[in-house]
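Shared between the two complexes below is chain A, which has chain B as its partner in the first and chain C in the second.
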Partner chain A sequence: MGIELDVKSFDDALKILSKNYKIFAPVRLKGKGAFSDTDLVTYGEISSYKDIELNEKSRYSPKEVIYPITQTLFYFTEDEYKEPEIDDKGIIVFLRPCDANSYLKLDNIFLKNGPYEDNYYKRLRDKVKFFIIECTKGFSTCFCVSTGSNKFLDYDVFVRFDNDKITCDVKNDEFSYAFSGKEVEFIPEFIEKNEIEVKLPDIDKISQNLEYVFNHELWDEYTKRCIACGRCTVSCPTCSCFSMQDIFYKDNPKCGERRRVWASCMVDGFTDVAGGHSYRQKYGERMRFKVMHKIYDYKKRFGTTMCVGCGRCDDVCPEYISFIKIVSKVTDAVDRGESK
Partner chain B sequence: MILDIDTKLLKKNAYRVTKQRGITALRIRVPGGDLNIKYLDIIKEIAEKYGNGTVHITTRQGFEIPGISMEKIDEINELISPIIRGLKDEGVQIEDEEGGYPAAGTRNVSACIGNRVCPFANYDTTVLALKIEKLIYPNDYHVKIAVTGCPNDCIKAHMQDIGIIGQVEPIYDPSRCIGCQACVKNCKRRVTGALTFENFKVVRDPNRCIGCGECILKCPTSAWTRDEKYYRIVIMGRTGKKNPRLAQTFIEWADEESVLKIIKNMYDFIDKYIDKTLDKEHVGYIVDREGFKKFKEEVLKDVKLPKKAKVANHIDYTGYRYERNTIYD
Partner chain C sequence: MTNVYMPIKAEIVSIIPQTDIDYTFRLKSDILPQHGQFLQVSIPKIGEAPISISDYTDEYIELTIRKVGTVTDAIHELKPGDFLFIRGPYGHGFPVEDFKNKNVVIAAGGTGLAPVKSIINRYNRNPKEIKKLNILVGFKSPKDILFEDEIKKWKEKFDVLLTVDNGDETWKGNTGLITKFIPDLKIENSDDTIVIVVGPPMMMKFACLEFLKRGILEENIWVSFERKMSCGIGKCGHCKINETYVCLEGPVFNYTKSKQLLD
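After this line comes the complex of A and B, so read on.
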């Protein structure tokens, strides 16, 4: 069963929800695109239906909501430290199935990767309620069906936006109070076929041919083409690497703060270690590291592909490097390598 | 055949006196270098029927059709009336559509391709070029204006009497910065080195920043974004036989309204101070004679510059003179 709303009653619902929740959705920031007179579609707080951008894929992913680019972990003085408070409110995120699945991928990294849970991640993540935006057409670079991230059933509310008619399946009773409208027959739909189909490599075959894949010539091309700008990783909903920064305040260097800030395996400095060394100087090697993490290493560890197939890495690469193409090349190489 | 032609009127009508007697060439204005493709048919027809089958692309982004007999001017003016009407439809003040171009002194406003195509551009140069064209054409005073999207200055705004260079104020959101330093390195290598990296975040020196917008383009996370559009106005650059020189900055961080008003005021300045005994006088030489201070006073009349704007106190032109600057072996 679903509830059918018009824009006004949907806005009323948002208003009611906003008492206890901060509400995030893709938004269009006018004139904030990198090129002049272009917009930036990204995640932001919303208060009404008209704030939500439904026609364009967001350049940045909703991971920022629970895993901010810059996060102060604690402030320190000479002999004390204090963690910053976080907002009491819960978090509602309007997102498509691929992006909802990306949260589960991040959960593995931050909560299930070793003996400790990452508390800074957890305290925001625990607040999240999933409001799924029905996505049956996708965009031209999406391949969520191939990665198995086209469905997300464990939602709180599922929303179909059909112009000004909005239909909701309120699965979590906690939210029933906010939605009032006509009851209608409603079966949430998920995309079953993308324009792009990608064959992911068989990870057992990779394991048996590791050296072959590692040393394959296909990576060389990216040493020449990639400029190590990091756009593909900061836009990726599942990239989760960060580095630590200890800041000593200029006016009083005895006080300061420790921050964690996103890092990118594609960018210079990522592998810097004491003594001035660093690894993977060649951009092709970085590409191999990134791609293999997305489609192999992570899966070996957690049993599921890291990449959700949102296609953002393809959308944002200034050098027109296609991650999708690389994955296909790896699959091809592995298939061919094995038959040899 | 008797040829009795008022060459002053001929030139005013955008035709020229050429080296071949009785033969002229017509210059088609293309404001901002942006032409509706339908007009090419007309240009082609004139070149084929009346000209020598060629067309010359001028340095100011117009078309010059050579090899035309002076006797055919009336016919040709009728043929180009759709082009003139096109200008009129865009809002250029032209009375007689059938009479050809009403003036040629103020040259075609040229423009780089701008933000319709170029990623570096800080605004739509075609639109601004047309706004300026509407403001200053038709006019007999010899003035060259060009607008360019960013300080790369592809249109060579620095070689004009007035050059408009797009600027943007980059806005920094430290919370979005991942410290990759792409912006810092790029500004140092390709621009003015206005950015430094302190305490893992970027600091911009507003006195060094020229508003090119490259940091915005380089940033992977949109930590840098765009704010208002601004313009640098460079003035009195020129080529010529006397004293070629690059234009210098008159104002930076001006807004569009001020740019237009200043250009308008410059025409009043010319009107007031031009040496009327001469056949023509370029505005640069008038400013040389009357002084920058007077020019500044006149063109800034009733101009409300934005708070951010900076106006040159004086300008030190470092042009050169052919006869003085070269020491030969």
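After this line comes the complex of A and C, so read on.
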């Protein structure tokens, strides 16, 4: 069963929800794009239907809602470490299935990798309620069906935006109070076929031919083409690496903070050890490291492909490098290498 | 919720300069690590860095820290009575239980001696735990030699070979890379000999190959890796080598695993 709402009653629902929740969705920031007179579509807080951008893929993913670009871990006063407080409100995120799945991928790193849960991640993640934006057409670089991230069933509310008619499946009863409208027959839909299909490599075959794949000449091209700008990793909803950074306040050097900031395996400095040594200096090696993480070793570790097929890396690369093409080349190489 | 990034305050009880740029800091602490584990060490407002534990008792731990960056520069400014902030210990150390009653060879290059020093001192206290210990240590030059007093003490009980890459006018000891001395090392029962190799990446690579030539079994060789780390607990991603997190599965690896870590 679904509830059908018009814009006004949807806005009323948002208003009611906003008492206890911060509400995030893709938004259009006018004039904030990379080039003059272009807009930036990204995630931001919203208060009404008209704030939500539904026609364009967001350049950045919703990961910053639960994993901010810069996050203060401690405030320092003299010799004390003080943990910052956070807002009491819950978090509602309107997102497409690919991005909802990306939260589960981040969970593996922050909550399951190693012996400890990352408390800073967990305290935001625990607040999240998934409001899925129905996505049946996608965009030209999407390949979520290939990565198995086109569906997300464990939602709180599922929303179909059909011009000014909005239909919701309120699965989590906690939210029923906010939605009032006509009851209608409603079966949520997920995309079943993208314009792009990518065959992912068989990870067992890679394991058996690891050196062959690692030393394959296909990576050399990217030593020449990639400029190590890191945009692909910033836009990626599943990239989770960070660096620690301590600062002191200029006007009061006795106080300061420790922060973590997003880091990128594509960018210089990522592996620098004190004393000057660094690893993967060639950009082709970094590309191999990144691609293998997304489609091979993360899966070996957690049993699920890291990449969710949102295609943002291909959208943002200034050198028109296509992750999709690289994955196909790897699959090809693995299949050919194996039959030899 | 426990804050996994929250360090504890540890007082510096003494500072022992080893060279111009390497100081050993003794901290009051009851942390009992495995040999080869590391800590995340920080100074508020300056930063945090992974440092291997060079020795410990139930009253203190020792960190031998080289002055090579912002954080370690600031640590070198500290005096006894000041505090460092530490969290850990993290990672997997050397499985010393499996080394009992065997011949052990420890080859360490430069600061690589720090993560294995506590093992040598363990055997120095209980020489009967193993059959025999050979120690090979190499430094760039005589002025880079670490733990000189302790090396002297080890010589009383064990076979110790100290070498420098480049000697000076006053140097009368061995010169040359550690790898040069491996072919002539007295190894009695190579099937039953444990080898520990720690040092710069190239030194480890070639030293391991030399030991293999001597008939040491791959599964009896142990190494320790040094990587950039921001968290030490499998989140930040800096130390990852393909599918392996050095902070979680390492920093100590068996050679059968380490040889597959391709960069």
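As a working rule, the second predicted complex is superposed on the first by the 338 of 340 C-alpha atoms of A that agree within 3 Å, B and C clash if a C-alpha of one lies under 4 Å from a C-alpha of the other, contacts with A are read in each partner's own complex, and residues count from 1 in each chain.
The working rule: a residue touches a chain if its C-beta (ideal position, glycine included) is under 8 Å from a C-beta of that chain, and two chains touch if they have at least 3 such contacts.
Note that the structure is a prediction, hence the values are computed from the model and not measured.
Applying the stated contact rule after C-alpha superposition, one finds that A:Gly44 touches neither chain B nor chain C. Of the two partner chains placed by the overlay, only chain C lies in contact with A:Glu83; chain B stays clear of it.
By the touch criterion defined above, A:Trp262 lies against chain B but remains apart from chain C after alignment on the C-alpha atoms of chain A. By the document's definition of touching, neither partner reaches A:Pro201: not chain B, not chain C. Contacts of A:Gly138 after superposition on the shared chain: neither chain B nor chain C is touched. Contacts of A:Thr70 after superposition: chain B is touched, whereas chain C is not reached. Shared-chain residue A:Gln245: touches chain B and chain C both.
In the superposition on chain A, contact of A:Gly230 is made with chain B only, not with chain C. In the superposed model, more residues of chain A are touched by C than by the other of chain B and chain C.
Chain A residues 245, 247-248, 263 lie at the interface with chain B in one structure and with chain C in the other. Those residues of chain A that touch chain B in the complex are listed here as 29, 31-37, 40, 42, 59-60, 68-70, 229-231, 234, 245, 247-248, 250, 259, 261-264, 267-269. Those residues of chain B that touch chain A in the shared complex are 115, 119, 121-124, 166, 168, 174-182, 199-200, 213, 216-222, 225-226, 229.
By the touch rule above, chain C contacts chain A in their complex via residues 1-7, 9, 42-49, 66, 68-69, 72, 83, 85, 200-201, 226-228, 230-231, 233-238, 240-243, 245, 247-248, 260, 262-263.
Of all the residues in chain A, the ones that touch chain C in their complex are 73-74, 76, 79-81, 83, 109-110, 113-120, 122-123, 210-211, 214, 240-248, 253, 255-258, 260, 263, 265, 270-277, 279-280, 285, 289, 292-293, 296-297, 300-301.
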